[in-house]
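These are the structures, in structure tokens.
You will see chain A twice below: alongside chain B first, and alongside chain C after that.
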Partner chain A sequence: MSGGTDRKTVRWALWLPLALFAGFVGLVLIGLLRPADREVASAMIGKPLPPFDLRAAIPDRPGLAHAQFVGGKPRLLNIFASWCIPCAVEAPQLDALARQGVEINGVAIRDRPEDVAAFLARNGNPFARIGADDVSQIQLAIGSSGVPETFVIDAKGTIRYQHIGEIRPDQVPLILEKLKEAEQ
Partner chain B sequence: MRLVLAMVALLLAAPVQAQDTLPPAPYAYRQLDDPALEAKAQALMLTLRCLKCQSQSIADSDAPMAGDMRSQVRQRIAAGEDPEAIRAWLVERYGDYVSYAPRVTALTWPLFAVPAALLALAALLLRKRFGGKANA
Partner chain C sequence: MIAELGLAALWLAAALAALQLIAGSLGLTARGQTLAGVVRPVAVVQGLLALVAFAALVVLFCQTDLSVKLVAMNSHSAKPFIFKLAGTWGNHEGSMLLWVTVMGLAGGFVALVERRLPERAMLATLAGQAFVSLGFYAFLLISSNPFERLNPVPAEGQGLHPLLQDIGLAFHPPTLYLGYVVISIAFIFAIGALVTREVGPAFARAMRPWVLGAWMFLTVGITAGSYWAYYELGWGGWWFWDPVENASLMPWLAATALLHSASVLAARNALRAWTVMLGVVAFSMSMVGTFLVRSGILTSVHAFAVDPERGSFILALLAINIGGALTLFGLRASSVTEGERFAVVSREGALVFNNVMLSAILGIVLFGTLYPLLAEAMGAKVSVGPPYFNPMGALFAVPMLIVMAVGPLLRWRRDRLSRIRGGLIVPALRVVLAGVGLGIAAHIGLLPHIGLALAGGLALASLLPLRGRNLLRTPLPVWGMVVAHFGIAVSLFGMASESAFSVEQLVAARVGDVMPVGPWQVRLDRIDPVAGPNWTAMEARMYARYQGGAPVEIHPQARFFWTPPQQTSESALVTRWNGQLYAVVGDQAEDGRWQMRLWWKPFAPMIWLGGLLVGLGGLLALLGRVASDLRRISARHKIAFRRERQGR
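The block that comes next holds the complex of A and B.
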């Protein structure tokens, strides 16, 4: 009788390496087939906007400081650059948001005033203020790793939401919703 | 003739660049004057991930943002900040992903514990097999 159960244990153990190997192959396949996520999410959501004070990027808009995000309604902080092609793609969406009364403050990353001015002349200027960041200091301070990125900042100056990449036309309602959520 | 002209014009045209034209940040490509501080900065930069070119450290990368990160690291080291404090500052913003130096956390401890457990198990099995024979 005991010999029978022994043989059963042995038979079961015989398949164990194969089962382990199949599990390993499964893991590798999941890793291979799942679309790669190359986005680096900011860990600053829910934290206050760090202090900064940037000079104006173009003559006809004021510069930008963290103090200007406190009070009133939630605002957008849009990280862009004239040399960034997706930034031109999202320009009409930013315009649409600005027309709906959203205050959008921009930060131009590593940019020259004349290039920023030309970019805005070409794509429209939805910004209330534009700060110039020549050494990516704001990006590093708020955990942003590319352009364009858009942050929702509530009236207390807390970072509430990060949108990585350009805002596509179908994402405008999402941004409006996040702004509304930030009112609470 | 027109075709040739067009081709010459194409050759001379500046390529469309998705890259800025600003000069690099002050300490992106310049070492600190004090070799001891530079060595400290270099050691830290080798273990910080470039966020644009995600398989390189900021010490290896020519991306403008990596240059900006190097400049900030060098300036903060020169100002007397501790390298691990700078790493912690970046981890606070980007998560563990930005650092190449592994940390033991509630999530990662099995990575450190499993090899040790396997080694202990192997030692136990080997002792059973060979230790017994030596005693006999």
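The block that comes next holds the complex of A and C.
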């Protein structure tokens, strides 16, 4: 603004904004092109299940406690709710897994017994046990951010894999593979 | 049918923008002058067509027409009407359509009424508007058509993101957005002035109302956004230096600087190149803001707006518009003469100082926002937070606030500090006294300390320009300045007080427990499940007593939405003249106790009250400018009318 004695410096300075802007564009281009790591990995993987003891969600299946995951073969822990639409979408895949001999334990989040019963009558019941979590305490303890989510728990009660969102038909083999891995 | 009508209007608007660009550019050449006459009418019709397209989308959302993909993805028949309406712009495509609509209407308005500028500058300006709009039309029509149909039609929509289903948020983004778009009008004026080398007071006067309007919307939008983050996120804070918050702050800083330098250009014909530069920078910042929000290149609480592919498209638009403008600046600015000179101690001098300080803060915020990206490019993951922004910003904000207190008292061109010394003694004393008094109160950090002292001094000093004036005859722009500066002081006081004196309690409470927080006693009465149209919640009923007074009933909630599934917390606030009680209910622990967070925040509401005052100041100044423009136009008409009669 003031002066202008050295015209050359002034000329040069006029191009400075463009140079800075080019630097900005270059920087964000690098940022956009780099394949970003957006996977949400649970901090609980490799850790034992947190302790819990839930009452039964429906009369004809027992409730669920962390101790029931110890011993035998790896199991699935499925977090669902009767009010959750993707949960209904994933029901056939859970049925398919159950038919192949996988033990699936469910946790119903913030639900009423009659709603859970109606949901299972409509969509099939693949669960060995179903605990009722009325205040999302398991969800928080296990590092789950929504419904549905499915965890692979090995025979020592350690969390081995977290599947976020519904299990789609093409993902059934992936779950079986993770269960096999958990046997070792 | 309505969707097809909207799409047709959008294509037509784009075609007219192309015509406007070609005719406007050719009109600048010696041989194409016959085309110049169509530019203004075309600009008006282009704006109206964009409006038709936007209105069509509003209708589709209000009817919840699920055969339209955008509606199915972002709305739900169970949603309250106001959120169906807000759903129109609460998504990427709709917000882009809103952008071109506002820009088209503003361009049409300029084409209709603006007669002060030389016709060549007007042609260049409107061609610039068409160029910028064309980019957005292409974006909409090629990669994000808002009217795309869905086959088969789904039974139900996906719903709007739960955090967005809040009345404050239904209006905070569009307000900010209006600011972003309106600043683009200032940008095209700057381009028009550069192209035709007509950088002078007429340009500044034509641009100023748009800068004022944009600045007002940005101020109110940021204020509303900050209050939303404060009560909806449930973290008790009001500013997080989140990339997206910074993205709204940066255009505001640039617009604030532009507003003041445009005033210097309009009044004194000085700071020519600098004003043009700021016009470009302010619009760059609004586009950078849009880019940062939409591209998801920086992670933030605004994660719902992310889409990398669209980010690349916005980046391309950004590169073309801003790169082009800066190239033009590099080519032309050396031929823009500097304009009138002035002394260091003068109104201009103070304004230049504050311009530099604002630009420095802008640079700091921009650098801090992009630094994680820079570090990632070098292989490190970092995040930059308040420990960087607060002291670095304060380094420049403090001198700026001091000069801001003095500047309005100085005369144009040349002045002596000794002349205003008498007026300065009172606020200066006040600052010192406040500092000493608070030094005794102690136990507060350095920054809040400085903030409280400055707020006191600035509040008084901001009123001094009214001294000795007839308050009824004081021009509206002066009132606007006084109110806005006073608002800054009020807001600063709120910020400093909130950070210095807040009391926080984190407790696990059983029903019946009484929790003290500051001067409050809060009793947890009961916790019930409640249900809304698309959520369920655990709601606490609590009674809060201020110093043993009458109990106030409050209901904080932990809410669970099911479409899409998400947990949010609805904090409960009790506002008194001297502060705010803030209550959040969390989860139930295994032993049956509930997690509660309680804050007492003395004078915290002043933060947003001040923000609104600043916005009100902008409104007053805008009204004053528009009124005097209207008077000038009607006077010109009268003169023309008389001449015509005399001619007969």
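Some notes on this structure:
By our rule, the second predicted complex is superposed on the first by the 145 of 184 C-alpha atoms of A that agree within 3 Å, B and C clash if a C-alpha of one lies under 4 Å from a C-alpha of the other, contacts with A are read in each partner's own complex, and residues count from 1 in each chain.
We take it that a contact is a pair of C-beta atoms (placed from the backbone, for glycine too) under 8 Å apart; a residue touches a chain by one contact, two chains touch by 3 or more.
This one's a predicted model, so the numbers in the text were calculated from it and none came from an experiment.
In the superposed pair of complexes, A:46 makes contact with neither chain B nor chain C. Looking at the shared chain after the overlay, A:21 reaches chain C, while chain B stays out of its contact range. In the superposed pair of complexes, A:72 makes contact with neither chain B nor chain C.
Of the two partner chains, chain B is the only one touched by A:112; chain C is not. Of the two partner chains, both chain B and chain C are touched by A:85.
Applying the stated contact rule after C-alpha superposition, one finds that A:146 touches each of chain B and chain C. By the touch criterion defined above, A:59 reaches neither chain B nor chain C.
In the superposed pair of complexes, A:135 makes contact with chain B and with chain C alike.
In the superposed pair of complexes, A:11 makes contact with chain C only, with no contact to chain B. Once the two complexes are overlaid on chain A, the chain A residues touched by chain B in the first and by chain C in the second are 81, 83-85, 110, 135-137, 140, 146.
Looking at the complex, you find that chain B touches chain A at residues 17-22, 25, 51-52, 54, 64-65, 68-69, 71-72, 90-95, 97-98.
Within the complex, the chain C residues that touch chain A are 270-271, 273-274, 277, 280-281, 284, 288, 291, 295, 297, 308, 311-312, 315, 318-319, 322-323, 326-327, 329-330, 333-334, 338, 352, 370, 373-374, 376-377, 536, 538, 560, 562-567, 587-590. Contact residues on chain A toward chain B in their complex (touch as defined above): 38, 40-44, 81, 83-85, 109-112, 115, 134-137, 139-143, 145-146.
Chain contact summary for the complex, chain A toward chain C: residues 1, 4, 7, 10-11, 14-15, 17-18, 21-22, 24-25, 27-32, 34, 36, 81, 83-85, 110, 135-137, 140, 146-147.
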